[in-house]
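In the two complexes below, chain A is the common chain; its partner is chain B in one and chain C in the other.
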Partner chain A sequence: MSLWVDRYRPKSLSQLTYHDSITQNLAALSKSGDFPHLLVYGPSGAGKKTRIYSTLNEIFGAQVEKLKIDVKTFTTSSNRKLEFNVLSSNHHLEITPSDMGNNDRVVIQDLLKDVASTEQVDFQNSQKKHRFKIVIINEADSLSRDAQAALRRTMEKYSTNIRLVLVCNTISNIIAPIKSRTLLVRIPSPSVHDISQVLLKVSKKEGLKYSTNNEDEIVRFLDNVAQHANRNLRRALLSFETLAMQQETIQTGNNLDILNLDWEIIIKNMSRQIKTNRNVATLAKVRVIFYELLAHCIPARTILKTLLFELLGLFDDTSIIEGLVELASVFDERLSLGLKSIFHLEGFVAKAMVVMEHGS
Partner chain B sequence: MNSLSLSQSFLFDHQKPSDSEGFGSSFLFASNSQKSKDNDDGLDLAENIDISPASLSTKEVKLFSGNVISLKPKVRNIQPVDQEFETESGGFMDVDTLFSKAMLRNKIKSNQKELQLTKKDNKKGTGKGNEIWAEKYRPSKFIDLCSAGNDKQYRLVLHWLRKWNSVCFGDAFENDGSVDKYGRPLRKVLLVHGPSGIGKTAAIHLMAKQMGYEVNELNAANSVISSSENSDTENLSGMLKNRIKNAMTSNNVTDNKPWCLVIDEVDSCSNNGEIIKVLNDLVYADLRSQDKNVSDDKKKKSKSFRLSRPIICIANDIYANNPGRPGRNSPMDKLRAISEIIQFKKPTSSKTPGSRGGAAMKSVKDHLMLVNKKEKVGLDNQQIGEIVETCEGDIRASLNHLQFHGRKLKSAGFLNEQHSNGINKDTQISWFAMIDLLFKRDGNLTKEQCFQNLLNLFLSGSGRSTVSSSNSHDKVIRESFNKYLDVVNFQDDSLVKPSEFSDWLSFYDNILSKPNDDISQYSALVNLKIWSLFSEINPRKIFDGESLVPNSRSLDFDTFESIKQNKNLIKTTVDQLPLIMKLTIGTNPEDYASYVLPYFNKLLHPDVSSKVKSNLNTTEQKSIEKITALVRDLDIKLENERDLETGKTLLQMTPSWDSVIYFDNQFTSLPFANLITQQQNKRQNLFPLISSELERLQMMRKAHKRPVLDSKASEEKGQKKRIKIGSSIEFFKNRYEGLSSQAENSKVSTPSETTRIWVKYNEGFSNAVRKNIGWNDIWTR
Partner chain C sequence: MPKSGDHATSNQWIDQYHPNTSRELSINPQKLTQVRKSLEGMLSGTTQTRLLILTGPAGSSKSTTVKVLADELVPKYRNASGTYGLSIAQDENCWIEYLDNNSVMGTHQSDQFEEFLNDSKYKVGNNLGVLVIEDLPNIFHEQTLLNFRNAIRQWLHTEDTRLPPLVLCLTEIEYNGGEAKQYSYNVENSLSADTLLGKALLGHPCVENIKFNAIANKFIRKTISEVIRKEREVFRMIPQGTLNSFLDDIVKIGDIRSALFNLQMWKQELLDPSKMLGLSYQRENQVNLFHAIGKVIYSSSEFEKLGDEESDYYSIEKVLSTFNSNNFSLLNLSILENYHIYKDSNYSLQVASNIVNDLSIGDTMSTFEAARDIGIRSTRNHLRKAQPLTPTGGSKSYTQKQKIKFPRQFKMIRQYNKTYKQVRSYQRYIDQRSSFDDLNLIDGYYLPIIYNKKYKKRYTYNRLGGRFLEVYADESLPVVEEGEGEENVVSTSYDLDQFQVDIMKKASGENDADEDYEDGELSDPIDESDEELDSDDGFLSDPELDVLISQGRV
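After this line comes the complex of A and B, so read on.
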């Protein structure tokens, strides 16, 4: 509990600060006693998991926070033993399918069957009649088609005993039958204002000192921090903590340099280079950089997105901006379909250079 | 006269007086037997027995003189020298004759040796075709070893091996922090990995020998044999353990060299789980014994196990997962944790700049050239170069290639002109020849004709097989991707062609990601497009150092490797996180790479003014406390590491995220080296602070625990006391006797202690048998 992200995480629905309408819906849901299958989606750092756990907390009480890790073993069709870690409490379990690679179909099927076949017996609050267990599936968009197809039947068959909560960033990879069987809950990124309010609260609780006492100025500064974190609350909290760590009193002046991440700086510098030197030599340089970024596990689509926004910042001409955005969307699709990210990243830069050439 | 005729008759009797030696011996023998016959019958008998233990038929011969003697068939294996020696054994020996005999004997010996040698050579000569060159030219001396850019790695291995000297050979050692108290390296297992065919095994074997060890090899083949013989699986790991243990403790029987255990192909052994488990057990047993020896050095030293021989594991892929067990439980993970890791690298292409790559490639080529000369294949330097390129620096494959294609190369011509002219269409075009083909245009033909030729090549000719095998086609595309920028750069430096090419690349990528699609048969179109976009009549040769992208060919592979490495790093970090943190931050590795770990790193490295806690101001103290909590939560270890190259001591946090966080290129805000030194400077201050804080926390926790423990202990003590006092009836008896004896001594006085009896009574027993007992009840018993 040393990090602020941990310490100030809301535990119950009443503690949630933003997206009030969603919170109300969830509260209503938890009161009704029954619970549909959920598909919760939204960008990372928006508070999906926090909301799910708050809801579970509302339904089952604080017991859901008592987590443990189980190691489950499965046998695949080719008689191989699979070991797989499951995060669980008495009332729910949480799995991440990317851990299991190609065998996600088998694991999901076996696991759900296993869970479903043992009925939840709960003597203590039997009057509440929660005879089901919650299964949270993280990164549901990385489930293979097979696994998703296996899910759709299981969801209906065992619906008396288990409820699924699928968590993902986008629902474009989720097949339609699953979408129709679940209640879609979109959690958008919190607005800049939302985040700065959260940060303000945290800073008050931590007793942080600012260089000014002007409330407006502080809020403006926190807005900057939120903006800098791309409206990702988790990132905003981490970066804010870093900031507070470096300085005794937080200077509300314009010094967010310390929060800049190396790879973002690199992409920024790269975008300038692309704008000024539109030739093959730059393309070659850019390729080397791309390789390095990929080697550091920065996802290719994030690179593309960041690069696009950096480039957009450098141009005023709407026709160029239009062209760049169109290109980026084309290459975003190629990136998500293909395997060789480097081809597409370089292709985007080449085409972007051509667009700039024609526009200016 | 007599003896001569005798020998002649003897010769006639024996139909096969084959060689001169035989003649000599028979002659000697004959005269000898004659002599002995004349002299002494007993000797003759003895000789008979001596020479021919098996009973031989004798022959009666009548001589001219009228004497009748019996002849024995000659025994051919008698050496004449021995014979002479025998005859004179009775008296004193002449030194001169003795000397001459000795000389003769030596000469015969040496002649025999020579004879054997020539025979062997002949054999080798005839069996030449049967031996694979890769085996034949397996290096046998350190000097023969082809460096292939791995000189540094060789040095590291030797360095590591040398540290074992003190244990295996009893050398003195200096404890400079890189060895433990027995003078062994800190990590007892060496894990060497790298792509296949670059001489890992050969190098390790050689170096172990060089350092005076005998290699005891365990590989995929011989480690499983034991398991098939003995299907008892429970016994198996025990057997393995015994085997490894034996190798660990004994020396080779024949020459008394210590063993060096080499476990080849660890990653692909079917029972690598067991092998690694055994290794793991041994290493930890060793650690335990070390700890024990620290505490009581004298006691039971013999029982505790100590690793005393180097273990070297060789693998291709140290991140290999057992297919059935994804993620954290792969045995290779365990192995990596306990071993020193050295990566052998493939020699990079000669077409890329950089002295390292070029020199490495050259060493491989020189090696092949040597073989080429010895075997009289007669290839020139360029062709050798092509072979190495085809095999991508794999030395073993190159040798095989040289052996089996070498002659053909020479006769049929390997260069692509022949192919493009339509000759020799049955063979497959190697992928790099294809590249040349794609970037070249024949000036004598029109563009349409050229295109037609190329199309034919792909549809029906030799190009088809190259394209249809996805592996080689992938190489073609990749290499074209590496090359096209340079080509465009010299052509017109416009970006139209690259951008058009990107569409085709995505088409290819599309095919690649759906391998079973109908569309895959059109993959050759990409090649045609490459040709139409980039081909030239006189393609410029791109030399080392001229390419726009340095090391373009190895870049892709290196990136792939480091992605694997970093992903693994992130995974281990995430696994170590406390549960609650996992919940809040999630487990998405991309999040960790892009912002969580960088911010963690920043959090862990604040500016601190001093190394001493009392000198810090309150915020700094607070931040130190926070860092310490974080360090504990994340299970980070603070370590000193010594860089072998520079000899500097580096402060390291393990797991180290540097490879994920820091970038090294021209677009970063600060150069890489600066970042690292900055980090080191901060750590100089931070490390003592954190460790002292950790200690303080530990003390506090202990102090917090102790009162609880103390009170518990005292409580227990009290209970015990009371139990002792009144646990059973015996007590009462004792009391009674004591009392009665006291009564006898007429000192009837019950001390105040006796009241305790009643307290005890209520305590230990259940109420079910509760019964009031009075003084009288006791006394009346």
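After this line comes the complex of A and C, so read on.
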């Protein structure tokens, strides 16, 4: 599937365009031939996975891009069959613990033991002596506590054969022992300028036509696209391709409404409704929308955050803004503590309406 | 097989005074006529009804009515249809009851019911009998439940024109299915005609459903006075007033069985002067979910005479003590779903926010038993203080315009699972390197726009994970129908779109495809699928696709 996101994904460290200092560090790391366990974190669409794969490419060569997917089954103690996917090349494998549900501890331990017990024999690159295999763990922040606790021992025990690369958005859910046993690599979001440079490059390679020849105007337009994508490169590339698909020549003057994500629009409309109709009947209407979003696997926390920012945009009064932010943090905590997010989402809206009415 | 005559051996009044004729039945005469008509129609074959379902609370004379009526009616129809050998047939029972038997060897338990129905088909003509199902197979086992439904469906569709009448007596109950089953609300939590048979079967033209209510005071009283008349030696010494007030008490529930048990126990106590008088063994009337919600939101009229605060206190106590305490999380959800209907939402935000806030706090502490009722108590407390914002005419203008609804949580979870499954399988087969949230939140929206412009495929690409659907609450209990919960990637409730075709294609070609991501453009099988799709008959003959096409979903 040749989306631009995939087609123009950098394959090696030299192709990476922004965060040069991080790139240099990674290059140094891969030259040394050995490296510690890594914990790569940063917001989504910043290029974490791209950098990891580029580094692997540097170390092992292009073979790491030859991926195959295996479905492994694991039988739990309660005799339930559990299926999860393992993406692997000759030199690494990649797993996503949220596939495994509550059994992530046992599954990961089992898997790592399995990998570690088969030593890498590499004839081609024997001079480099890469005797280890890389295990990439995606969404590491969703690992359960006990899985993380089990992981720290495993990391030490098999460190001759395995290097772990943990990938996550924030490290607040990662326990301290793991943070201390890994090299933390933060990949921040690219700046608007970084993104528009990438978009410009892509548009040149694709030979896109614009409604104007003025370079500055094009860059301003691309900046706008980058801004719209919340500095998420993945989203920026996808939305750029969406725009390019609409017309032969890209109208730089066009508004970018088509780039607003459907669920974001739903939340935006909801926030307006909350502001204008502050009464109990609206709470019932808002509940329909919350359920709609939840039913589409939009994480409750994302809903709360997006809603808060939409609401903040509608008010100037600092006391209301303070009140809203405080409420959001209270209900954000309750989302973690509680079981059913609908209570807390609606609770936030109800309380927020009261704050809007009286100030905090 | 027990016949009415056998009851005499027991000295329980419930058996001694078991009705032998339909006139003695403790039931509303109109209901009796209704059942009689249906049964006669089935016996004579003049109606198309093949399954009669009697539903109602416990002790509302459902099975007794059928059995007594069968004893009265069946012989008539035997004579009418039989041309010879009348005397032999007379010995046959007029009704046969299905008994679920765990110990039968050789037959798989879940097939027993089907076998019973097959064996009973000959019960026509001179052997005519009414088949009564009171005892159910183990319907909490999903496969057994499905087999049960299947057997009934086959029965309804049998070619034979003459079948014995089949009557299902069902006591509708609610109970707790244990914590593990909380994700859905079905036969595990509530046994009713809907959850047992599913909506499709229940709506079948050959199925008739007669609903019994708890027996009205008038009819229970009549039956009980008859018993008292027969036992008058015992009751003579009891003052009329004491007797009457006790009777008032026991007929209230409308359960003839329980009333008779109580009466007999009471009599025995009276005969033994050392015992206290008037101790009641009444069964507690269990409140169902909708009643409980009503009591929390509107308070109970039962305690109206007391002050507001006290009345609320007792209403809530009653709910807490009689509602199944394992289902409190469901009750909390239901309150959230319904608190706004009080006074047609015409009350202050402050009150509403306090209620939701307490429900939210309650949810964070749901592991503590003591905290389960926070939301419930708080709701009643705050609603009591709720004053209408805008005065609307007289105080009686709130006519409960909005009905109490069942919480949508389970509906949402079902929808969630569908979306989850679709996005996951997209991730599994098409785009392994992206995270679930990225695919759902970002790619899911852009990809269809891009692809639909870029490629001309057989189907259009829809939003990944399905469209956004508003989730509304229902007024009745949701029912699990066949087909749900099946482990299919393609669920019939989706509109088939190109994403799924791509996924299925990839999934079927998984084994031989040597994926090469280095040069995604050339080797990616998806890109070549345009021409292949039309020529590839093997793929199109996929049964699931055929079903979809035949249903006009494509």
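Keep in mind that, in the parts below, the second predicted complex is superposed on the first by the 342 of 360 C-alpha atoms of A that agree within 3 Å, B and C clash if a C-alpha of one lies under 4 Å from a C-alpha of the other, contacts with A are read in each partner's own complex, and residues count from 1 in each chain.
In this section, contacts are C-beta pairs under 8 Å (C-beta built on N, C-alpha and C of every residue); 3 or more make two chains touch, one makes a residue touch a chain.
Since we're looking at a predicted model, the values are computed, not measured.
Model built by superposing both complexes on chain A: chain B and chain C clash. In the superposition on chain A, A:A62 contacts chain C only, with no contact to chain B. When the two structures are aligned on the shared chain, A:Y18 is found in touch with neither chain B nor chain C. When the two structures are aligned on the shared chain, A:Y158 is found in touch with neither chain B nor chain C.
Of the two partner chains placed by superposition, chain B and chain C are both touched by A:I289.
In the superposition on chain A, A:Q273 makes contact with chain B only, while chain C stays out of contact range. Touch criterion not met for A:F132: it reaches neither chain B nor chain C. Residue contacts after overlaying the shared chain place A:L238 against chain B and chain C alike.
The superposed model built on chain A shows that, among 273-281, 525-533, 669-677 or 723-731, the segment of chain B colliding with chain C is 525-533. When both complexes are aligned on chain A by C-alpha atoms, chain A residues 1-3, 6, 44-45, 49, 67-69, 85, 87, 96, 138-139, 232, 234-235, 238-239, 241-242, 245-246, 258, 261-263, 266, 278-281, 283-284, 287-289, 291-299, 302, 334, 337-340, 342-344, 346-347, 350-351, 353-354, 357 touch chain B in the first and chain C in the second. Partner chain A is touched in their complex by these residues of chain B: 323-329, 481, 485, 488-489, 493, 495-496, 498-499, 501-503, 505-506, 508-510, 512-513, 548-550, 555-556, 558-559, 562-563, 566-567, 570, 579-596, 598-600, 602-603, 606-607, 617, 619, 623, 626, 629-630, 632-633, 659-669. Residues of chain C that touch chain A in their complex: 329, 332-333, 336-337, 340, 345-350, 352-353, 355-357, 359-366, 389, 408-409, 411-412, 415-416, 419-420, 423, 428, 430-438, 440-443, 445-447, 449-450, 453-454, 463, 465-466, 468-472, 515-518, 520-521, 524, 526-527.
Considering their complex, residues 1-3, 6-7, 44-45, 49, 62, 65-69, 85, 87, 94, 96, 98, 138-139, 232, 234-235, 238-239, 241-242, 245-246, 258, 261-263, 266, 278-281, 283-284, 287-289, 291-299, 302, 331, 334, 337-340, 342-344, 346-347, 350-351, 353-354, 357 of chain A touch chain C.
Only residues 1-3, 5-6, 9, 44-45, 49-50, 53, 67-69, 76, 78, 80-85, 87, 96, 99-101, 103, 138-139, 232, 234-235, 238-239, 241-242, 245-246, 248, 258, 260-263, 265-267, 269-270, 273, 278-281, 283-285, 287-289, 291-299, 302, 334, 337-340, 342-344, 346-348, 350-351, 353-354, 357 of chain A touch chain B when the two sit together in their complex.
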